[in-house]
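Below, chain A partners chain B and then partners chain C, in two separate complexes.
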Partner chain A sequence: MHKDVNMVYRNIRISGSDPRSISATVVGVAVTVVLCLGALAPVARVLGGARPASVRLAWDSFHGEFHVGLDPLSAVFLLPILVVSPLAAVYGGCYLYSFRGRKSLVAAWLPFNLFVAGMIMVVIARTAIVFMTAWEIMSLSTFFLVAFEDENAEPRRAGWIYLVASHLGAAFLFAMFMLIGGRAGGLDFDDFARLPARGPVWSGVIFGLALVGFGAKAGLVPLHAWLPEAHPAAPSHVSALMSGVMIKLGLYGLLRVVGFLGRPAPWWGPTLATLGLLSALFAVALALHQRDAKRVLAYSSIENMGLIALALGLGLWAMAKGAPEPAVMAISAGLLHVWNHAIMKSLMFLAAGCVLHGTGERNIEKLGGLMKRMPWTGGAMMAGAVAIAALPPMNGFTSKWMIYMSLLKWGLSTDGGGLPALLGAGLLALVGGLVAITFVRLAGIVLLGSPRTTDAANAHESSWWMLAPMMILLGLCLGAAVAPGALAGLFSGAVAQITAGDRTTAARVILPPLGTLGATNALVIAMLAAAMGGMAALTRVATTGPTWGCGYAAPSSRIQYTGGSFAATVALKLLPRVLRPRISQIAPRGLFPARALFHSDSPDPLTTRVYEPFFQRMGDRFSRLRVLQQGQVNVYLGYIVVVLLVTLAWAAFRGGWGRS
Partner chain B sequence: MEAIAQGVVHVFLALALPPLLLGVIARTKAFVAGRVGPPLLQPYYDLIRLFHKGSVISETTTWVFRLGPLVGMTTAVLASLLIPLGGPTAPVSFAGDLILLVYLLGLGRFFTALAALDTGSPFQGMGAAREVAFACLAEPAFFLGLVVLAKLTGSLALAGMLGASLGAHWATDSASLVLILLSWFIVLLVENSRIPFDDPNTHLELTMIHEVMVLDHSGPALGMIQYSAAIKLFVSSALVARVAFSAGLGSGWTAWSVLVIGILVIAVLIGVVESVMARLRLSHVPTLLVAACLLSAFGVILLAR
Partner chain C sequence: MAEILDPILITALALNFVALGVSRVKGAVNAVALQGILLGTLPLLVHPEIHPRGIVLVVVTIALKGYVLPWFLLHAMREANIRHEVNPVVGYKSSLFLGAVGTGLAIVYSSTLPLASEHAGMLFVPASLATVWTGFLLLTTRREAIMQVLGYLVLENGLFVFGVLLLEAMPFLVEAGVLLDLFTAVFVMGIIIHQIGREFSSISTEHLSELKE
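Right, the complex of A and B next:
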């Protein structure tokens, strides 16, 4: 697989310009940039407190009207779409241009623009029809993007898994919307919001369907299996958008539907929070020992989605118990982390894309020492790693801090979460420690030390078309780190909408602690700068020499610690057996060892142990139905006639002729 | 006025006292072994000497290598400003500062480990791998201990959690407090690379944890690393002392003297532990750390009534 990629990157640089590719790139990038920047103004107005707006159009072809709207909840989720998409598009313009002449760039840009438009439509849709149409546009267009490099087996497999997973998830959503629509007497979200009093069982079923359908898109364990396959296979700017933005729309859908159901039932919050925490633990345990840099990032996305789900779950829990302040705190923590994760994960995926572009490698064991050859990408990746490991003074820390605080406050309050929430905080600390290992390993093995292969030694820095979007994202991360209060102020309308409170109360709860935190981040940055200044003054004589090899005279880059050995203490000893990497080896024996072999693989245990056997068996069962597939038109016409007759007969027997 | 004076004393103690703890530990070990031992102020002389030296920087390294010791020292100093010493509060204190404390130490470790990987040396990579692996178990143990204090005092600021109200709980919830003291003492030994987890004086690189990670640093950078290690030891000892002696802490300047004596007692205790114990096998370290996590978790569970 990696060899193929390598070849591609070697060969592409020679081919000249070709007008079709240029126009596809220019149009593709321009459409996204213009669309998103144009849409930023109304979103900013709504975030600033303007009244929600909506548009209704008569629509003959489907049930109901065409109805879209913009309220604070939509605006909060639109913001990352509108900010990250144009940056990803500009980056992708340069990234994909190297495929010109070999692949049709139209085939990349058409689905990309549909993808961005689909995401926007999902968030502003106000009827189930528009929502599901946009949802499908989003899923299908990303299928084409995941499978863009379809000459390789890996993207084909990833695209297939993604397609199946999306549609299984969508099936639950169809069922959910039909159930709600049946009760509400229409498919417009306004009808849903006016639903009469509902029984706990019915609401519970709706919540369960939403949790499965939207959870699959959000990558919550155990519905995450598509994510670590699809995100690495897609071109990097698409991975950035999928991981940074698209999977959040699963949580948007969940919040939207929960909003229709009135006050949450007592079990929803704890369920979502537990699922979130378990997802985070599961995903970080696997992220820790992946060898593919983009798979590390994909698992880290699942982990972060788990953290957001934990926060939102706490919010629902507090709402169910009628505790407005903890609810406001937890929901804002979740929404803040949505934004923070969107920018830092896009940054990391774009940086990983630059590494792939510059070396042709995604396997971290074949990289190393890139900081010297790719200083800008390296710096951005390093800062992104600090942010995503939730360390101060970066933005990841602010939202993680909010999540900790919600958990602790909810655990300490008299009729709150109690013991489970307090112990959950301990597990969150464990997640934090594991994430730190994951990103020390990723940044350290990829960027530092000496190059492990010639590809890594000959790496080249990317052009500014690719670096500039990363620098903008880095700037946004720093901004969110020192001024989290400003962001939370923008999100307070949505928090108020979700918790059924009002905007000023929400702002009063969250702004003071975030102000302190922003100041703390600024203090850490200032102290670091001061220390650096002091160090520059202190250093007297600095000479250079080789690394001290503890007396070993002929060191090479191969004696370095590898990603596998770096993770080994935790991955091979501490993790539960199912989550460990699979290792097959023949150790060298005797004085003249004949052959030795070491192979390590980190597959997803759920995929290999549950889903693959299950779908294999299903596939075997269904292959018996192949007798139906005769390949003759008259047989198929016969089937249609039979189905038609059966349906007519059924309708006649139910006596429903005139009614429906 | 009193508050400002206490703040000045806090900063002075937090910056000046840490190397003394290393001296006390060394003298205690020498006493138990029947030797005279180095002067009590030897760590200060060492630091001064290091800060006057030039340094050698490996050709393999980048700016990350030079940033490592700086981040380590900055975070250690900031951490020492977060925990209350003798006074009712700390120079930097707000609701939720306990999380900042844990994550600041995490940031220091993050960059120390990256600086180690930057050298491209297998030994340093090994040290970094061990350090982060053990830290990820020490963190929950430490954090759950903080949760116990938060639950007892109802506060989420370190000043409140370790404040005057904690002392009264020794009468009612001593079981939880004993459990977290045990757990924290284990964490203290691990985080500060003391025997039985790590031996700061060993001469075999293969068995080291922290020391092997910083093999390539020299001159002022090494001085900074040793100084920040001393501050970290001071911070952890102060935390343990604040909990252990909370009942008899008193107020005003008595509290300061009680706390300083308490910290020195803990340094002596570390010296005694180092004298009577051998190093654990590396593979047994995680077991003990998991035990520390469980001790803290039981501390939390005992409070849930």
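Right, the complex of A and C next:
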């Protein structure tokens, strides 16, 4: 009997390295890598100032033509897709390979490739039909990726929430495209661009629909509920791609549609900026006290999307008031942050994936001391944390600095944003402080100190297949920090396209400050590197010994700061009550405390207080309709007959055949 | 033209009533097969100068509706030991009555439709609507899976009659209709697997082997 079990186990192991898993991995990775690297050349040409291109194909038995195109705006959003996807694919090849034998890897690679292709199609689509088809492919394929580990309850729940949220968002987009199409007389984006005169109410409705539909994908509060569920549940390379790249396509869609509507109305920009700032504040407050490392990163994504929305909102605001220079500055800041966030958030998710891979743990309270055990991952995570916390000298700092500059410039210019914009700069500083605490906590608790569990103590470094993509991303982050001017030059075509200006003006406004900033970053990086090198040389012969135990007789790793205690001051004192973690405790009492208990939980207040009760009530209400579900084919067919007869009768009595 | 077409359509309508009123499954299958063959010839009669692609269409339609699907149904019935009596939810007389009412309404209704002038006087549209109605009646009032497949076929025949009118304008649509027949074939497969599942409380392919020659 025992032998049989062993045999079965061995068979599983053998089938684990079967040719199917290997071929699925090789093909899955190769398709994405070849596709993306092949597409980089035309994108680079358009970014460099080449003329936009487009392709039209006759499309049998469908509305309109198949129409795709590449212009600077598409190219700016294609760049992160084409750079991050192959890196995520190579990483994922190694990451997913540990699932072989237990799960079909084809079920992971098919949706992954569809996901990448869908994102590319979304950005190059030039008719509403191609756009929405690609949009749905992107959403559905990521549903399968989020729910990849469907043997666990959490990914199933996350996948379900994601599916519902995506479709609610898509419903708004359908309504929006139908409204525009009805007015424009076609579903081609060229028809949209030639929209006839439009009233402010109509444009406002379109903007509102776009804001809800695309905002749900971009994770803007209050439409973010799916994001902190889906991103942690997905495999890490997918989280990197979703968080780093996919959610930005929401903002791409918004920019594309706003481009059809002519000059923005005065209220659009402030609305988008306020929404962005609120998202950033809300998300960072929750990121501060999450225990799941990937959830921290997911909330940080919402925060960064908020920052980009803030910048783009400022740009629209300045465009509405006819101030080209602040508009160019703000839009450049937003696009620069799109790229910066894409690479640094991917880096962080990949690093978190390495930690998960090496320890099997996402809960930061059970990690610790990983810097010694996983030096490469630890180093990458540390640098990524500096970048994402927007601290100099990394790339996150450059784009955030530009957002500050835009706020100040717009607030101080005559007939500009005035006090609200300056107030925004203050709130942005609050966000910046909280982000810094969040990432000091994340990196500090996970990487420093001593391990809190045996899993963390036995952590192993990942293979180079996983580390190399991270190192490339780290290199890109450093590059973006040192040469922000070069990037902004590449993006100036898109800025000119959005602000309806020209490329040289755009470059003239943004390049000088960025040149100085890049040089400063380079100097600081060089000094840091020199200092670290010097320290390493000096401490080569240092002796190692236990950490000072503060005078305790038997210190253990449990007397370290925990993630909870590190954030306690801010989380429990500073945050408004709704955003605080929920704590239930029985405090130890007396000289010989007997029973003590502490439990804290960081749920999303909007999810637990608004969405869950709402959907619960809706579910209860609609459960009365269950009587219609009889499980009998005849009855269902009967419903069809009834509907058919009613429709025919209605058509007959209305008498409107062909005469309307 | 109408002197050949109208008898065919009237026969097809009469076969609707046969399918509704007959108590043996086999009789209903034969009636539907005959209806399929009759209606399959319509494209040739309506459009004598038909495209070669159209001839293929006619041959495939007749083969599928007149021979392949009925043979498949009868064969499966024999092998899977399905009862030969129809067990209707609504009795035969009531079914016939409902069918007659539906046919009458179809004729009245189609006279209110704004048809193209060359189609106005013909029986095509009422026959199509009445046949669709009969299909729905069979689908909703018969319990057996096989009878539901038949209902589906009758429904499809009704749609086909309508499609013949559009053969010139939208050949694609009619071809899609033939594809729908293929879908029916798959549907039949599904039903039979379901039937086997109910008989043997498993859908193992071992039991499917009973279906082979």
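To be clear about the criterion, the second predicted complex is superposed on the first by the 605 of 660 C-alpha atoms of A that agree within 3 Å, B and C clash if a C-alpha of one lies under 4 Å from a C-alpha of the other, contacts with A are read in each partner's own complex, and residues count from 1 in each chain.
The rule we apply is simple: contacts are C-beta pairs under 8 Å (C-beta built on N, C-alpha and C of every residue); 3 or more make two chains touch, one makes a residue touch a chain.
Small disclaimer: the values here were computed from a predicted structure and weren't measured.
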Considering only the touch criterion stated at the top, classify A:Met527 as touching first (chain B), second (chain C), both, or neither.
first
Chain B versus chain C, judged by how many residues of chain A each one touches
B
Once the shared chain is lined up, is A:Pro588 touching chain B (first), chain C (second), both, or neither of them?
neither
Which of the residues in chain C come into contact with chain A in the complex?
89, 109, 112-114, 136, 139-143, 148, 172
Can you check the complex and tell me which residues of chain A touch chain B?
368-369, 371-372, 378, 382, 386, 389-392, 397, 400-401, 404-405, 408-409, 411-412, 418-419, 422-423, 425-427, 429-430, 432-434, 436-437, 439-440, 443-445, 447-450, 513, 516-517, 520, 523-524, 527-528, 531-532, 535, 538-550, 555, 557, 559-561, 565-570, 573-574
Would you pull the chain B residues touching chain A in the complex into a rising list?
51-64, 66-67, 70-71, 73-75, 77-78, 92, 94-96, 99-100, 102-104, 106-107, 109-110, 113-114, 117-126, 128-130, 132-133, 135-140, 142-144, 147, 150-151, 154, 156, 205, 215-216, 219-220, 224, 283, 286, 293, 296-297, 300-301, 304
Per the touch rule above, chain A residues touching chain C in the complex are 61, 633-634, 637-638, 640-641, 644, 648, 652, 655, 657-659
